[in-house]
């Protein structure tokens, strides 16, 4: 995409307002929002066989910030998490709205919101901010991860267990639910992904994600955690940003470690993943040096 | 339901009498089927002395003939620091509807704590007493169904005791009993604290009789009076018993004691 | 055959009485719950030295009709709290949804400590008191069982008026009359809690459930029981009172008109 700033369209006025197209059919405000995202720390999501992982390169902006505090990956409902890259306050507002959507779905349907429905609603919400001159688009790209329960839904506080056969009864062996991953951009565009990346290091991260053959559905959640950590480390640019913290959350199946809930990756596992990530980086550097020597 | 369906044609024709059915809500006053109060029994009492105030209450909580629990305090420290009211100098006792009592205590406690945050000094007992009156009066059309007694030390260090009705009418007194056994305890207190119906021996007969002058009692005597009042009330009132909680406010702070009462 | 279309598909007035159309009226004062409709009976609970046992049967009655026989009246809130519900079942379901949304909001951030039984009791008591003050009560009597902030056993009650109290043993409804005296034999005061172990407490509560089954007409022999300790919540929702039978009733002589 050609930057509108470098374009001849500068000064034509089509970049001043939302809700006004340029003659060649572009909404420059949205494109500027994308720019804001491109400056954010890298965020990655991986949809694994038995769960989803979210990882974030949290750039340390000040030494005065307490290490490990100020978490950036948020819980939306018990089974859904969101990580975003771009303007932090915009991300906060996105999360707040997503929580409201999840809560209102529950009060309406007495069941957790499916990941797809949440992505759809948030997509629509973000898109609405591209339509009006009184607002600006979201300066974030958000990655939504969810595990839709494969279990029979226990309706909250239901009276009785319901009919055992026939209409309204249970079908044996019926499977639904599973891991889901969506990425929502400032335009409101959203797709479901096997692996998603956004922020500064998205290009490197995406190419790393492609190597994982996620579409085969072979990658386990634990491997996913390690890959996510490695990708954040690979995508990190030492020259530009010195320090960062790795933040990771995951959602497993009901039988897995988080029992279908969105939780922080346990400290031990995260540290092991980081150790492996650093090791693989060192190995790569060694290889390159060897090649240079040859 | 008019009758059980018999299958036979009803007498007096088919009678699908739609026009006869009511189509509007019945006019006139509607009564709520829900009564928002209950009486949790128990009794409290307070006596003030020269340099102390004692508040006491039994710890039984009842619903009708049931005992909810044998330990539900009716005495609460007001103000001070944190949830344990460290360093508090005021005690509130409430008896009647326990849920209202708890709500009232919570409100007064927050107000007294906020007062210290905002003004940097402790609320005086007299100020707190008037504030409590206002809280009760403001809810006079849906009252806190409690008899409150507030105790502490006044600005001169003398024992201060205030008693209230449920809608905020209040006065400072030497002693007051409230709750289920108030009518049993109060006459005893009149006689023993204010020396009512006591006369100076040998002062004569008829109009020459000289009433014994009331004077502040020493702390030990008051504690004994309180214990006697409650052990007697327990014998004669089924809603009083289980335990006696006392709070003694002196310039050194609030001392709290607990003595078992009969559990029958 | 009746020729008035309004009559088709409707209960016959001569059989069922006139239909009261005023129920459709939207004007007039706001009406609140005047009485419970589908109800659960007693909940009983007892503390022991490491935790709390709580039980309630699985019956929801519609008046004298045993309407639902597999209703879960114990609700696990988290690893340290169980709430037992007596009274109106639809209000129980409302509170259940309320607790669900509370739990979700509590878990937005993982670092803070979880709500304990004491916290939850304070919260629920305020909900109940607010609703009674609005003249719109939640027609329930709740027992909140679990651990307090210091991991000590906690047991407290909150009812439709917002009244609260705690005790080593508690029972709601009929249980307050029938079960509580039995429970108090073993646990008369706070000090006695230290002398009671889990096995004794469970046996005690089951004994109370048995008495309630025999003497409370709105009870049944299927029940739920939960034990809350430091290690978590152990909840069984389909227990059965063993070896219960009314056989003996036939042998009884000398009551009422039956004299020999």
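When the chains are written out, they are named A, B and C in that same order, and each has its own residue count from 1.
Quick note on the criterion: contacts are C-beta pairs under 8 Å (C-beta built on N, C-alpha and C of every residue); 3 or more make two chains touch, one makes a residue touch a chain.
Because the structure is predicted, anything quoted here is derived from the model rather than measured.
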Chain whose Cα mean lies nearest the overall Cα mean: C
Chain whose Cα centroid lies at the greatest distance from that of chain A: B
Distance from chain C to chain B - Cα centre to Cα centre, in angstrom: 30
Inter-centroid spacing, chain B versus chain A (mean Cα positions, whole Å): 58
Centre-of-Cα separation between chain C and chain A, whole angstrom: 43
For chain C, residues contacting two or more additional chains: none
Chain C - residues contacting chain A, complex: 38, 60, 68-72, 75, 89, 92-93, 95-97, 100-101, 103-104, 107-111
Chain B residues touching chain C - in the complex, by the definition given at the top: 1-3, 5, 10, 14-18, 20-26, 30, 32-34, 36-38, 40, 61, 63, 66, 68-72, 97-99, 102-103, 142
Touch list for chain A against partner chain C, complex: 71, 74-75, 77-78, 99, 102-103, 106-107, 110, 156-161, 261, 263-264
Residues on chain C engaged by chain B in the complex (per definition of touch): 2, 4, 6-7, 12-22, 25, 27-29, 32-35, 129, 132-133, 135, 137, 157, 161-167, 170, 176-177, 180, 189-190
